[in-house]
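Provided herewith is a single structure, encoded as structure tokens, for subsequent inquiry.
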């Protein structure tokens, strides 16, 4: 899968992924959730999706905060896989957002 | 902790736990969720609570369905621990209910 | 996928799945693990596999015990999917067995 | 709980926590596991412990790698809570180490 151009990425972010930022060679979003219990169950929902599509981000957690960084190593950039996954993550987050 | 009487249990169920039933020596509720991903993340949120309060139910899962059966072994019946836990589970379920 | 015959199922169980039993229209195994923490992390490892292969069992947990019942609804019986999944579950269990 | 001195921290790390490093105001260890499935089930086992003791680290995951950074915010440093948790994490890791 081909890496998207900067303009294409900016277009997707403006359209559907307003809370994601383009940094370095990846897209990133910080999530804030009410408690650790909910943050970790949010992560579990996402982990089940990640393993299914075999696309694994760099992500981190600190109590009620979760940060997710998406890129496609094989394409050395951001591809449609990352855009699709970001949209799925945003859909899952709705359930957990404060 | 002392086991509650049948009347006390019926009172709690009528008051706050309308979706729970009293069966045998335990209280039970069946949950229906949209998908397995959400059912398992619901279970993860509950697992984190269970381990924290050191009170573990009999529970089962089949795709998008989760059944939880609560009782207190040491009291050979239902105690305030079970009532409190049932309320917490119902609170968590709100996030996942269809 | 076609349901296996009773003889085929008995053959697989004798060969590779000695701790599974054939009951009703399904194969079943009970697992015992040291603590709830380990039992639930065993379940999480399995959940990630289940969602990936889109094959979901009936399973239950009570503290350090996990029971898993496998069958293929669409085939009204046991198929190679169940045999494969049972072998994967046994492989995962090695890490958690006491 | 009082923050440990640098000498005390160095002592604990030398004694029992040889794979942890003291960086900035925290102790850190990088874990490598076979697959994402196992890395995330390792994280789930730890999450259950974290919530129970109400002590939450900064941690991150990338496929089969998990990094955990421990400190005690209220003490502005490292306390016995962190040392105890690091030992528990190492105990859990044994099950997942390659």
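The chains carry the letters A, B, C and D, assigned in the order they are written, with residues numbered from 1 in each.
Heads up, the rule we're going with is that contacts are C-beta pairs under 8 Å (C-beta built on N, C-alpha and C of every residue); 3 or more make two chains touch, one makes a residue touch a chain.
Given the structure is predicted, the values throughout are model-derived calculations rather than measurements.
Counting every residue number used by either copy at the subunit C-subunit D contact, over half are found in both chains.
Should one ask which of A-C and A-B has more C-beta pairs in contact, the pair is A-B. With centres taken as mean Cα positions, subunit B sits 33 Å from subunit A.
Multi-chain contact residues of subunit C, defined as those touching 2 or more other chains: 36-37, 40, 44, 47-49, 51. Subunit D meets subunit B in the complex at residues 44, 47-49, 51-52. Of all the residues in subunit D, the ones that touch subunit C in their complex are 36-38, 40-42, 44-45, 48-49, 95-96. Subunit D contributes residues 36-37, 40, 43-44, 47, 50-51, 56-63 to its touches with subunit A in the complex.
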